[in-house]
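Letters A, B, C and D mark the chains as written, and numbering starts fresh at 1 in each.
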Amino acid sequence: MADIPRPGRPVLGPNRYGKAETRVVKVTRDGATHHIKDLNVSVSLSGDMEEVHYSGSNAGVLPTDTTKNTVYAFAKEHGIDSAEQFGIRLARHFVTSQPSIHRARIRVEEYAWERVETSAQGAHSFVRKGQETRLAQIAYDGERWEVVAGLKDLTVLNTTDSEFRGYVKDRYTTLPEAHDRVLATAVSGRWRFHWTDDTQPAPDWNESYARVREHLLSAFAGTYSLSLQQTLYAMGSRIVEHRPEIDEVRFSLPNKHHFLVDLTPFGLENDNEVYFAADRPYGLIEATVLRDGCEARIPEDLTNL
Amino acid sequence: MADIPRPGRPVLGPNRYGKAETRVVKVTRDGATHHIKDLNVSVSLSGDMEEVHYSGSNAGVLPTDTTKNTVYAFAKEHGIDSAEQFGIRLARHFVTSQPSIHRARIRVEEYAWERVETSAQGAHSFVRKGQETRLAQIAYDGERWEVVAGLKDLTVLNTTDSEFRGYVKDRYTTLPEAHDRVLATAVSGRWRFHWTDDTQPAPDWNESYARVREHLLSAFAGTYSLSLQQTLYAMGSRIVEHRPEIDEVRFSLPNKHHFLVDLTPFGLENDNEVYFAADRPYGLIEATVLRDGCEARIPEDLTNL
Amino acid sequence: MADIPRPGRPVLGPNRYGKAETRVVKVTRDGATHHIKDLNVSVSLSGDMEEVHYSGSNAGVLPTDTTKNTVYAFAKEHGIDSAEQFGIRLARHFVTSQPSIHRARIRVEEYAWERVETSAQGAHSFVRKGQETRLAQIAYDGERWEVVAGLKDLTVLNTTDSEFRGYVKDRYTTLPEAHDRVLATAVSGRWRFHWTDDTQPAPDWNESYARVREHLLSAFAGTYSLSLQQTLYAMGSRIVEHRPEIDEVRFSLPNKHHFLVDLTPFGLENDNEVYFAADRPYGLIEATVLRDGCEARIPEDLTNL
Amino acid sequence: MADIPRPGRPVLGPNRYGKAETRVVKVTRDGATHHIKDLNVSVSLSGDMEEVHYSGSNAGVLPTDTTKNTVYAFAKEHGIDSAEQFGIRLARHFVTSQPSIHRARIRVEEYAWERVETSAQGAHSFVRKGQETRLAQIAYDGERWEVVAGLKDLTVLNTTDSEFRGYVKDRYTTLPEAHDRVLATAVSGRWRFHWTDDTQPAPDWNESYARVREHLLSAFAGTYSLSLQQTLYAMGSRIVEHRPEIDEVRFSLPNKHHFLVDLTPFGLENDNEVYFAADRPYGLIEATVLRDGCEARIPEDLTNL
């Protein structure tokens, strides 16, 4: 029997548990043409978990090892069409099959692969694309779904059409105004879908991802930037305006500073040609863009796992 | 003038900006005896920032470069007694000195150094301790303070007094029960202080950190563990019960699996002696422990920067 | 005057010094069309450096800060056509301009960028390709050049046409033979050019890199693999046979194990469909392939910086 | 039968293979007092390996999976007294038990743990020390042993007693001379033992490691530094002079620059108090120190795995 805390004893607050970073690679064969999906899946479950914290009773605990097994079994039984669809299936399973589990959150990282062209028969050779990591998070409480897609580590750079001036100067300000600077960032973005009710048709998750990625790239490239904040808003609003399935976008954009090197000691002029790409510190710009009338639900700190 | 979105246009949600990861090392000289503080400071500001997102006007934007300069200037002007005290000073400065800035959040990582004993005169040689990273987060909105301290990467291990059994079995469960296992985790913890009103005396931040660290280590070591959840609760409740200045503790504990290697194919018995320390996947146990009557305010996903 | 060690005192062996990881981004403008080169340059110098070690006299030491400045100045003065050409220019400068410096080794990492298509005027937007990192190492002693090109972190995978059987079994062998397995590796390769004499025409470094990369990918994809060693030799020999400018190739290939998950406990058959992508341990296969009659000069341990 | 290359075909050069990064934790029980050793072991084998490269025949290949199993079995059968002793046992086994294997190289990383004091019965709780990683490399060719010990990631810092001046100035030199600077580095060191013949008594490996570590720390701390090269030589010569079991020491020392922040724009003087700890670029100083009459055998590029 559970050792319920006495009045005044410390009480349990929000909690969850699961298996993080289960790496699954699924091969599908279409004759001699093979397809692969390469995911990193993290399961997080919560519900009636007081006893295991207070007394150590595991009577309501599905082992994290079991959640790992379930990922592999579901890859076989149901295949993996998209990270979102796979996560939805997992979340529904855990919430509907275990009385003690009331909420599930599935996080997925997906690594893209390209085919290697070869004269050999068949198509079974791949090279990892190595650009951004695609992200998906699926949360389910037995009634309502919340699906957030995203990406991280998509590094972009404009060599011109960016300035930064007209800002506040105080006692500690030494930065000179920039009329033509390099603007670079490693995009970390998340976007939340309008879809919450599984009696309604779900979006085409893969198509949506591809289109959102295009919009954010073209908005970054096509915006004459007066500040990274303005570029961020341009990227987010472009997505919300063009993709009706998305209600909210949040970006965390490190300003990857490229400092113009002073070459005058060497008798040289640096006409926006030679830059030092700095590591730390970096500016960090974070903001949410919302469809008018929608609520901000993506957490302010973006996390990957 | 700001280009305010038309009705129906996407709107700006929660946002903030600042300079992340300013690395500052402060040397203090007490004759030939030197002291150092080694911090990584991230400043995040928010307030009246609509214009910079909608139109790119920087009229209300204090540059992130200025916030970096301020960190260095304050290290000189005021010294660094503790990460918390330094962060409080910075946060107050930004909120009270700039009309457009209404909230500041300062995050600090601190790296500990030990003295190197030497026969040379003076005491000015140090070796980085390299164990946990100390963390502090200070938030201020002009009225109320929220201070959260913490640590990450403190790796602990018990070679016995840990079991895991009596759990739910479903179709996908294959894990055998363990009556004597290795329990290991890399502690990531955050604890929130009761102190919110700067007319009240502040805690001794450094003393508090040292005592909390001791409590969590001794609770980990002294608890006979039936589950990592139980150990987590023991660690959190020990802190809340012994440290009146703290209202809330949250831990994120990866279960760093140490699997007993099957040596029977080699005619050997493995009597809990030889383990494989696995990387991924890992169990992940996360929970908050609260002083009775207090509210959970630490975000569910712990982040470092 | 130098404090030359007394007979019997410890003596200085091989030594070098320089500035590592100078990050330089060079923008070239062709009207509204911009081009970028993004390098990480490490300079290592050696020569008459006994005094600085024995007595601390810096009379023969060109500061590492100066080597950093030289990288930036040369990017402006001479541009960057290829990592190899840029490194050759730097190495020649240090060896020929400083009497105390007899040998220079320049290492370069290069990060590739792709254009972002946009409807905006001009072409000045880029997204980092994020696949392999291109490498170059240039060594010069005033007479002879040694140029080694390479890459790291090019991850490739075949879903079939790989087996592993017929191996030695001893008391500690438990591995079952595999008749159809996934073969995956993160290629780290280096190849040494025949060119050593700068009175002879140099290869087209960029063209050579592109062709070598194609050959190694097509050899990986097109080889029916009985062992990763065999695949490695196929990759190396393909390069040596097709590229007369290259005398030697060395690969370090981690065998990124993809273990077939046992689904039988769940009543499922795993017909080479569902794999666990493991982190550690991993097989590590390293070998050099030489043009007949040539000498192995690439160090057995590949290092990046 | 092996597909020996035709005359003129590319030939195999230096090669080796094995299992890298086998993580083994060994628990030893002395009643209620437990001891742990925590190693990361990499095995590298070479010998008659032409066929597996040329034809894919595995007839002479002991699987890397077997070398992993052997690590675990030996931990049980023989225990782990030191990384060096454990590596010697493994190397001898592979070379003497397999006709096709002529040389073995074992690399070990060791992670140190400290006890957690607790009032609980027994002593079975540990916290990872988290400072340097101890390294050992053992090579054996059936006759001669070569043992190299070392460490990496031991970060040290002096707040004074370091200058840098009197150096060469050329067209690209802008660095001002420093009469009192912070000197900091993350020590990576390797030292080679005189012992090569196992009919002679071996050193006390653990005692030797502890003493070498003390000498390098005290030499770093106690040397008034005119250059990092001089400090390096002081560290190496101190070891060679005090430890007769060691013939050669090599260090790779990144100069972790701490730049004095210019506070004059804020009306403040920076009297060697406030520093910016920079990431990249960094100076890199590498040198070998030898017992007089000994040969340099440690490779110029230090690698960890």
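Note that a residue touches a chain if its C-beta (ideal position, glycine included) is under 8 Å from a C-beta of that chain, and two chains touch if they have at least 3 such contacts.
All figures in this text were calculated on a predicted structure; none of them were measured in a lab.
Chemist: Among the chains, which is located farthest from chain C on the basis of C-alpha centroids?
Modeler: Most distant chain from chain C: B.
Chemist: Is the C-beta contact count larger for A-D or for A-B?
Modeler: Between the two chain pairs, A-B has more contacting C-beta pairs.
Chemist: Using mean C-alpha positions as chain centres, tell me how far chain A is from chain D in Å, no decimals.
Modeler: 38
Chemist: Roughly how far is chain A from chain C, centre to centre by C-alpha average, rounded to an integer in Å?
Modeler: 31
Chemist: Would you kindly tell me how far, in whole Å, the mean C-alpha position of chain B lies from that of chain A?
Modeler: The mean C-alpha positions of chain A and chain B differ by 22 Å.
Chemist: Mark out which residues of chain C touch at least two other chains, giving numbers and ranges.
Modeler: Residue numbers touching two or more other chains: 23, 69, 73, 172, 174, 265-266, 279-280.
Chemist: Hey, which residues of chain A end up touching chain B in the complex?
Modeler: Listed in rising order, the residues of chain A that touch chain B are 5, 7-23, 42, 44, 49, 52-66, 68-70, 73, 97-98, 100, 164-170, 172-175, 225-227, 229-230, 232-233, 236-237, 240-241, 248, 250, 254-255, 280-292, 296, 299-301, 303.
Chemist: Would you pull the chain C residues touching chain A in the complex into a rising list?
Modeler: 23-28, 34, 36, 38, 69, 72-73, 75-77, 113, 116-120, 122, 124-132, 153-161, 182, 217-218, 220-222, 258, 261, 263, 265-266, 268, 270, 272-279
Chemist: Which chain D residues qualify as touching chain A in the complex?
Modeler: Listed in rising order, the residues are 171-172, 174, 265-266, 279-280.
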